[in-house]
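The structure under discussion appears below in the form of structure tokens.
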Amino acid sequence: MSDQSTKSGSLVKVEDLKEYFPIRTGFMRTTMLKAVDGVSFEINPGETLGLVGESGCGKTTVGRTLLRLYKPTGGKVYFEGHEVNDRNMKEYRKKMQMVFQDPYSSLDPRMTVEDIIGEPLDVHKMYSSKGERRDTILGLMSLVGLNAEHATRYVHEFSGGQRQRIGIARALAVRPGFIVCDEPVSALDVSIQAQVVNMFEDLQEKLGVAYLFIAHDLLVVHHISDRIAVMYLGRMVEMADADELMDHPIHPYTLSLLSAVPVPDPETARAQKRIILEGDVPSPLNMPSGCAFRTRCRYATEQCARECPPFTDRGNGHMVACWEK
Amino acid sequence: MDSNMDSMNMPKKSPFSMQIDLQRFEKATDEEKKQQDVMSESTTFFKDGMRKLMKNPLAVASIIVLVLIILTIIFAPLIVPYGYSDIIKVGGKRDKSAKNLAPFTYSAKEIDYMEETGEKLFPHIMGTDSMCRDYFIRVVYGTRISLSVGLFASILVLIIGVLYGSISGYAGGRVDLVMMRIVDIIYSLPDMLIIILLSVVLNETLANTQNPIIKSLGTNMVSIFIVFGLLYWVGMARLVRGEILKMKNNEFVLAAKAVGASSGRIIRSHIIPNCLSVIIITTALQIPSAIFTESFLSFVGMGVKAPMPSLGSLANAAREGLQSYPLQLVFPAVTIVLIVLAFNLLGDGLRDAFDPKLRR
Amino acid sequence: MEEKGKKPPLLQVIDLHTSFTTDNGEVLAVNGVNFTLEEGKTLGIVGESGSGKSVTAYSIMQILEKNGHITEGQILFQGEDITHYSPKQMNVFRGHKCAIIFQDPMTSLNPVYTVGNQIEEAILIHSDKSKSEARAAALEMLRLVGINDAERRIKQYPHELSGGMRQRVMIAMALASEPSILIADEPTTALDVTIQAQILELMQELQRKLNMAIIIVTHDLGVIAQMADEIVVMYGGRICERGTADDIFYRPAHEYTKGLLRSIPRVDNMKEKLIPIGGNPINLLNMPKGCAFCARCDEAMKICIDEVPPELRIHDTHLASCWMNVKNQNYMEVPDKDE
């Protein structure tokens, strides 16, 4: 899956991506908030990379910076081997799209469904006649399981799941090869989540799109992803094949994250041995030296405080950033 | 409780234990299921808001009052046979005796005339003023002036404020900083003083103009418009900027960016439509304050020029005979109150019905 | 009904109806809910948004929004109906007998007071302690909920604390008056997984120490599985089924619960496709005549559309309202309404 001859194989390649936000910490004083601090990964065509982590770990920022919704502080993004930059970004907006977390705020309340899905078509002038536009929109709507008669309705009349379908149809309108899915199911009801997860899987089968699937729900991520990457405070701590990561986690953070997931099964839950992490995530404005996780890690040593561990391959593409493990 | 209880007694407790109507336990068709899952009727934001507005009795009353006033000022001059600047004429002669008549009374000459000819003269609904002019028609024209000043000034404020505010809000950063400091400076000027100063200066400069439009409107009117345009847009600009800053953080703006939409498109088709209700509400509330200021200016003698009446100048003129003819002050004053109150209540009603923040 | 002489259960909710008056008409958010909570036990109420789970909890505390009111039914606390309590009696109940923590600890803490002030206030209202005693008690509460460095934290403002820390403070405030019931409304939804694990662990530990009963309201089946002894599954304002955790998870008897369990990713179905529940969530303004779930149910029968299913006893501890159980003769008896 993760072959070394990068340029040819991978669809999206991210190299040492950095995103710092200036935060005013006092009068005339700003501190850099390192939301994403050197993240690299690759995604192959038709593949799903799951990205998990706790809130504030920078996973959403990775998605948004990758699509240049924020101007990256450093690092490079390649699509099909070509570097994406400010100048050619508009072209790449047709190839890389995004589905947002909140199906309520990510759709303009004053627009009809038709106009929301049609907006990418309007922007990139992807039709020659009104009829063609309408046909494309109706085609997209049926693709995501929406009724054609809903085209002229406004979004507030739809439920969360239906709204998320509208958001997905909008992302698919330009026929992208890659979609960043930023927590697309976490705002949905449990009974609706499966519908949307299944739809993502079906669309991948049908259209061959690749996903960067950002979420905090490990079970959902495990279900949908081929590979999973775990982030902690702006850096990646572990990345591996989905089953490999779930069955043989190496990084102590991944271990505790996995053990903290509440399993929907009373017997397992009773038997489950949890590794309860002490304390809270440190403020990203005041990061610990060396490994960011060391303040909560029970294996932490002096070396962890001194130096940031490198992200190294432990065989079969199982990447880990830890000195001890 | 025993488990075999239901088979022994109390048939009402187990209506289905013995005889199940098997037909009812057939699988339901998709059609039948679909009927249960109907979407509520399609309503647009506008329809929904209008429905709420119509449920608000104060707002509905205000609308009725305003419509009546507007109909009156449009049609009354066509019906009433008197002019706002002319002395009442009886049989083609000026009637100098028709001074300060009470409502619905006639002057001595008019009574004579009516007896002579048997013709019924149009009543003086609000009497006449000290210069023998029909007071009703003067109030009607005064309302015309005051309302059009209010509307026009508000539209001016709307245009300038929305343009300025949206540029400032969307550009952000340094541009925003500079633009908002300018607003702060204008805001900190004592507005009444500036209005008076400006209208004096403008009156003088405009007095010499040959422009026919300005002439026909009267220089005072034009200067009032300019004063409003120059001073009152700042509130609107601030408001629009605030709304836009809020909208900018909405995910749908980010989504439009991700789709590749340009800044112009984002402002035009996403941000402004979503700020629209707030803008309209503020404009509706701006109208009464403009009317109020205009009346005030006319009252202190800086407004429209005689013989053109405005509600403020009418009230001012009535001051002299206040002791003897208090009604001459009451009519314009009540009209001002009615208009201002109606617009304010309507604005409140609009806000309750359309402001997204207050929606449930 | 309970026999004479036997101690009544800690909390008994009987045929509770709560409705809201809205611009679009009357919305029946809770529509005949029954359950019983025993001392020291944890009851989980699970359901999706609009199922009435939170409204049920708020009805017990009578902290509904202005347009909401209990229209029918009883809430018996130790055998005493609290729905007819005066506002004053209710205040006493809310302080001493029953406390609630909410999903978002930031909005339920007052940002202008220090953490210490707020806990002390909670203590002062509900006891006749002096100011300094209250301070000491507040410190003790903070230590009880596992906050290290309590002396420093007590002087901090809510915004200086992290989400998990704030939820601990909320729990400390709730426990200040030693209630016998703690209602937790989505207590961990706003928190991260590792913090969620801490808070859930804390709640269980406090329950053991203080022997209080917990009602946990959540949509997360994982949290429910870990916490609850008994579970109430709600849909569209009604109870679908209730029973012990094992009943619900291993022997579900309502099509909604079955569908829900099929649709969530579990350790054992990672390689298979999920089986979703079709359709859209219920619209409370447009409630079907029969079973609320019938439009989305794969097994829906004609009777489901016309008639609300009665609650049937499936098994000693397990009750469900689903016509499928009638069809399959999978029940013991039809219990009394007020059972």
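Order as written gives the chain letters A, B and C; numbering starts at 1 within each chain.
Basically, a contact is a pair of C-beta atoms (placed from the backbone, for glycine too) under 8 Å apart; a residue touches a chain by one contact, two chains touch by 3 or more.
Being a predicted model, the structure only gives us computed values, none of them experimental.
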Longest centre-to-centre distance from chain A, chain (CA-based): B
A-C against A-B, pair bridged by the larger set of C-beta contacts: A-C
Centre distance in Å when chain A and chain B are each reduced to the mean of their C-alpha atoms: 49
Cα-centroid distance, chain A relative to chain C, in whole angstrom: 32
Interface hub residues of chain C, defined as touching at least two other chains: 280, 296
Junction residues of chain B - those touching two or more other chains: 39-40
Contacting residues of chain A [partner chain B, same complex]: 64, 67, 69, 90, 93-94, 97-98, 100-102, 105-111, 119-120, 123-124, 150, 152-154, 156-157, 167, 170, 174
Interfacial residue positions of chain C with respect to chain B in the complex: 22-23, 279-280, 283, 285-286, 288, 290, 294-297, 299-306, 313, 323, 326-327, 332-336, 339
Touching residues (chain side chain B, partner chain A) in the complex: 39-40, 42-45, 250-252, 254-262, 265, 269-270, 273-274, 276, 356
Residue numbers on chain B that touch chain C, as the complex places them: 1-6, 13-14, 16-17, 20-21, 23-28, 32-40, 52, 55, 360
Partner chain A, residues of chain C touching it in the complex: 48-49, 162, 164-165, 192-198, 200-201, 219-226, 245-246, 249-250, 256, 259-261, 263-267, 269-270, 273-278, 280-281, 296
